[in-house]
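A, B, C, D and E label the chains in the order they appear, each numbered from 1.
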Amino acid sequence: MPKVQGYSFDTQHFIECGDEALEALREWRHTDRVNWIRIQGRPGVLWMRRYGEVLGLHPLAQEDILEGEQRPKMEPYDDHLFVVLNVPVLVHGRVVLRQLYISLHRNHLVTVFEGDRDPFDGIVRRLRQNGHDRLRRADLDYLFYALVDVAVDGAFPVLEQLDDQLEVLEENLIVNPDRRALGDIYRLRHDILLLRRSAWPQRETLGRLLREADEWIGETVRFYLRDCLDHAHQIADLLQTLADTSANLLDIYLSSASMRTNEIMRVLTVFATIFMPLTFIVGVYGMNFRHMPELEWRYGYPAVLGICLMIALGLLIWFRRKGWL
Amino acid sequence: MPKVQGYSFDTQHFIECGDEALEALREWRHTDRVNWIRIQGRPGVLWMRRYGEVLGLHPLAQEDILEGEQRPKMEPYDDHLFVVLNVPVLVHGRVVLRQLYISLHRNHLVTVFEGDRDPFDGIVRRLRQNGHDRLRRADLDYLFYALVDVAVDGAFPVLEQLDDQLEVLEENLIVNPDRRALGDIYRLRHDILLLRRSAWPQRETLGRLLREADEWIGETVRFYLRDCLDHAHQIADLLQTLADTSANLLDIYLSSASMRTNEIMRVLTVFATIFMPLTFIVGVYGMNFRHMPELEWRYGYPAVLGICLMIALGLLIWFRRKGWL
Amino acid sequence: MPKVQGYSFDTQHFIECGDEALEALREWRHTDRVNWIRIQGRPGVLWMRRYGEVLGLHPLAQEDILEGEQRPKMEPYDDHLFVVLNVPVLVHGRVVLRQLYISLHRNHLVTVFEGDRDPFDGIVRRLRQNGHDRLRRADLDYLFYALVDVAVDGAFPVLEQLDDQLEVLEENLIVNPDRRALGDIYRLRHDILLLRRSAWPQRETLGRLLREADEWIGETVRFYLRDCLDHAHQIADLLQTLADTSANLLDIYLSSASMRTNEIMRVLTVFATIFMPLTFIVGVYGMNFRHMPELEWRYGYPAVLGICLMIALGLLIWFRRKGWL
Amino acid sequence: MPKVQGYSFDTQHFIECGDEALEALREWRHTDRVNWIRIQGRPGVLWMRRYGEVLGLHPLAQEDILEGEQRPKMEPYDDHLFVVLNVPVLVHGRVVLRQLYISLHRNHLVTVFEGDRDPFDGIVRRLRQNGHDRLRRADLDYLFYALVDVAVDGAFPVLEQLDDQLEVLEENLIVNPDRRALGDIYRLRHDILLLRRSAWPQRETLGRLLREADEWIGETVRFYLRDCLDHAHQIADLLQTLADTSANLLDIYLSSASMRTNEIMRVLTVFATIFMPLTFIVGVYGMNFRHMPELEWRYGYPAVLGICLMIALGLLIWFRRKGWL
Amino acid sequence: MPKVQGYSFDTQHFIECGDEALEALREWRHTDRVNWIRIQGRPGVLWMRRYGEVLGLHPLAQEDILEGEQRPKMEPYDDHLFVVLNVPVLVHGRVVLRQLYISLHRNHLVTVFEGDRDPFDGIVRRLRQNGHDRLRRADLDYLFYALVDVAVDGAFPVLEQLDDQLEVLEENLIVNPDRRALGDIYRLRHDILLLRRSAWPQRETLGRLLREADEWIGETVRFYLRDCLDHAHQIADLLQTLADTSANLLDIYLSSASMRTNEIMRVLTVFATIFMPLTFIVGVYGMNFRHMPELEWRYGYPAVLGICLMIALGLLIWFRRKGWL
């Protein structure tokens, strides 16, 4: 069962209650106050069948909430505006997209957050403290803006964490590419692409709110929503930069590995090409033929050592000329 | 010969029949009931020549059905709206796109499904059971929506299977890249790209139905079609994510293989560069020259072993400094 | 000199002639019949200077035909509509794009095909056989459609061949990547990209014919041109799929090669790291030092063999633990 | 100092002069003749300060000419139309983009070409020869078209050269990839991308001339400019094909190199894995232990040779089964 | 605390002051002079709370300045036009994007530059020197243009530096790819992509200024802003070219490394395959079997050397045929 909280306020009053808000709403709705039903946790089918109508949600909006995993969108219905936003959170270092549903009605507003804790504690605190806060003085559409603003800006700390992780990878990448790092890049890149995919419709949703929701959102609040759209642009830009950087990283990683193979091969080749001829030569004079005149020579042994030295030096010079040393 | 079923219903009546529906349609058409001719299996040329006109299909629509392999599209003709959708199904683990043709006329609706079993059994069950089901109470356009909805949502289970397969590959990829996995990635990626290619015109078709088909689809049903379009967006998004993930996987796979080559080379190089000089040295003292004073030395043998040990240690230290050990 | 054929027909009459058609056209033009001048082979400058005006071609249209290698386009002039299409043909297994020029005038139509044989033999056969064929009954714009239809659909058999070739490559790719296959992929991919590049303006040309040529093409024929556009979409989709598949193939190819290198290296490394220490050891006891006490031992020889065996086994166990065996 | 030439003509007259044209223009401007000031070489600041106003160039147009390195664009000013085009030329086999500025005024036209020799010698020859040439009979806008046409078509020979170079690389690529070829591909690809980058705004400039310059260009000349736009499309298409082909080439190149490494490794591995065990075995019987009973055997030597042969054959059979031979 | 300077001028007067400008502005605002408040360094929250209103900045504009890291944008408010531009600067060879905020009010203009030194010293010098300079004679919107122009053109020197760095990398890339170069490419490419990401919204901002800011910018100044937009296009083009070139470089780099590995492998393989059989043969005749008849032969030794020579020559010929030498 989801957790329900209800707030009904104007500059003079501030009423706050729990589950009973769903009943109180029938009455609040006819006052001049701003009314907000805040739901945390995903509702089940039975819950929705019971309260969906009281909240004023169209059957298709109810279905979306029950299904979950919606992409960001804005859908005007006859008597309410239904908005879906994605709020990225980090769970054990991996990105998870949480759904936020905001339904803006003529005289009340419903938020449903898919996870345990929506990001609106700060707003409630502002509402409670002070009758002169802009939120207490303003209309329903300003509350709507404030909620959207918090939801959109929730992406920034997540992006910063991803950026930090990328930078750590970046640092020890060229120096020492190993296989564990590969898995890290893969996971990071997966999360970045996932976020980027959701940032585009989020941006579009905000753009449409600005252009098409004038039935629901007043002129003055629209300046504020433009700021949200601007932040959505910033987020999409940042994600594109992170995606580029991670692709870049992968390319560099690959190059760095093949560069190391190269160096290793060079060492192997230098050693092998020097010692193989020498080993052959000493092998020759290790043969047991009866008739091998060199074996009897007085300076045969130092001569062979000298030849070996000369071959080794010759090959070293050749390698140096090739730039392998 | 395709399998034909006919349904003619309103809240009071529910008539269901087989092949004879094609004849009955001439009469049904003039009643106030909702009439649906449901065809499963691809019709042949003779069949179409015989029944195409009764069904009210334009020659070009008939041709499309006979040809098969159409891309999703919506084509208004003078007296009917012709819609082609693609329904992905899994056959032996590979994706196959089945064609669904829906032709919406003034007073009847025709569906043709290319495969053995269209996905509409659930809808027929709802129709049969209950005179108060929304489908029995509503108009032809709501039946049209219900069919499109089922067809579009048919992609979700297929996508989930592909996603699961990707995840399995993902897990044992970095640990142990082998050549069979390559073939799996290739096949999976092929299917994902195929689906993605068909998801785009499907989405466009639904968008055009929403914008351009107001002659055929009423205002209230349009809210419901918007939900189908939303699902088509979700499907296209999911496919893009799968495509990105599979590209990502391939890059990682390649990197992982070259990383392993690297490690293998390092082992080989360390062994070879240590033992080649040593083998040379012992080869030297295996030569049979008469005059090799070292051979007579009391401690010649342990001296050589000592030199070998020192060379080996020296090289090991050098490799450790290079970070190869 | 290009081959010229002329056709002038209605339901009652069917006149067919050769080069003299160019003269006859002056008169045909003033009848109510449908008149078609069909030219196969690229005209030269002199030919064009002589007949260009009779045919009614604007100087810029003449220039395009003389130049050849035009991209698909539609250009309305004051008194005729000039259309360029690309017809892909296979010559010795490689794709070649042949130009087709169709010029639709008030009362006649000119086709110029760049190659030896245009794809219109089937249409002429239909014209000759039967006064009741739709082509004989209909107007100039329907003939125009029929020609465009044949030209557009000419791409399908070519695409199928390319697809078959891709599939053959695909099959023995992962199993056995060799260098000849690389050349095949390269050539195939080159042809696919070439075709794709021409499919886009072709599609655009048909779209513009549908939207902008209502001065030349009647309402009923426009349904039929929409079918051509649909086929052009299908062709562009297929080409994109082929392009994706071939890119995919190349990536797999590359990965497969590096995977094989990997396996080969593993075998080499296992052999080398086992035998190099052993060869060193037996080299030690092949030295000719006078004072090597082990040589005198009773069980020196089997001890050395035993040590060799133990080293080999130890390394094999180590490799198995590393997963290299 | 740039080289200045002036032409003032109609069907009857043809006046041609040098630097003095800048003065004559003040008077020519008030005649009914077509007046063209042709400047070759980039003007300096002083020159421009002195003559810019006589030529009728807006300060911003003057600045563009002085700066150089402009991208193709079309800019209408109050009293003239200023057009910048890029003309690619080959200098020592590398592509260089030369700027061409065309300024179309009410009654005169100015061309400034950044390099030593603009591509307009052919046009001047046509003007000189014949009072009945279309250029002599037509208006200022037709001269404008003729100049643009020559400038746009100047790209074709450059593209053909690049295509030829690509084909040469293509031929010996798969057979024998070496490092010099890499540098060639890099340079070629750099030039192709540079050209492609400039072809896009060039095409856009011509499109805008067609759509937005009706104040300056008459209806009949617009058919001709459409031909220029068509060529600009062809050029952009060709460049895209060249870019694709060169990317393709690079991928193949890389694959080919890794394929060769593969083959080389195979040879090495086959040799090494056969000879290393054999060398070990003969090393064993080269040891000097006193007690090695095999050494005394009558058929010890041929037995060892036989064992060596069997090991070699066994490994060869194994390699053949693995497909490495 | 940011550094504040104020300028108030017309052709007759030129007033310049420091922090006191913030107070003077209240009065200046009501004169006919052009008034510019120039702020260098990022303001803090307290500073903004104190002076934000005097400067006439909307709370959201104030917030943007306080936050920093804005993307380029243009936002009209009721009584001022707020523009954000990015000015790239090089700090220790790496690109850093500095924010420039320009706020254009009815009768004054505010610039805030995030860094220590904005790029406007040259403009102030022109203002001080000469009452007849265009800047002194013109209106507020021309000053606005002049500031935007300087800010946009600030990217050119940075781009040139990046281009030079790319060229240096390019030169020693094919010859000698090493691992340090990889890090350089990575860093360079990171900076180029970062700049490119900011160049797109910058260009869009200038385009919107041209199209949508006619309430703030007069017709004549709009010609000049078109020139800024043109430069923004040039910058975006250059960045795309740099991005392409750096991607190209990376591909070449990778290819070059694998080509070198190839060459190294070839040398190793040639040496190893020649010397391994030879070493085996001489090992055979180093065995100590009692019964080895060849050892007793008169010409056994030279025969073995001859066989070795023939094997070596045979292999060399084989390698040459394979093209490995």
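Rule of thumb we're sticking to: a residue touches a chain if its C-beta (ideal position, glycine included) is under 8 Å from a C-beta of that chain, and two chains touch if they have at least 3 such contacts.
What you see is a predicted model; the values in this text were computed from it and never measured.
**Q** How many degrees of rotation bring the Cα atoms of chain A onto the matching Cα atoms of chain D, given to the nearest 5?
**A** C-alpha superposition angle, chain A on chain D: 145 degrees.
**Q** Just how far, in Å, is the C-alpha centre of chain D from the one of chain B?
**A** Using C-alpha averages as centres, the distance is 40 Å.
**Q** Roughly how far is chain D from chain E, going centre to centre by Cα mean, in whole Å?
**A** The computed centroid separation for chain D versus chain E comes out at 25 Å.
**Q** Provide the list of chain E residues touching at least two other chains, using ranges where the numbers run on.
**A** Those would be 254, 258, 260-261, 265, 268, 272, 276, 279, 283, 286-288, 292.
**Q** Which chains make up the ring, listed in order from chain D with chain E immediately after it?
**A** Once chain D is placed first and chain E next, the ring gives D, E, A, B, C.
**Q** In their complex, what parts of chain C are in touch with chain B?
**A** Those residues of chain C that touch chain B are 170, 174, 223-224, 226-227, 230, 233-234, 237, 240-241, 244-245, 248-249, 251-252, 254-256, 258-263, 265-266, 268-269, 272-273, 276-277, 279-280, 283-284, 286-292, 323-324.
**Q** Residue numbers of chain E touching chain A in their complex, please.
**A** That would be residues 58, 60, 63, 69-71, 73, 75, 77, 176-179, 182-183, 185-186, 189-190, 193-194, 197, 201, 250, 253-254, 257-258, 260-261, 264-265, 267-268, 271-272, 275-276, 278-279, 282-283, 285-288, 292, 294-301, 304-305 of chain E.
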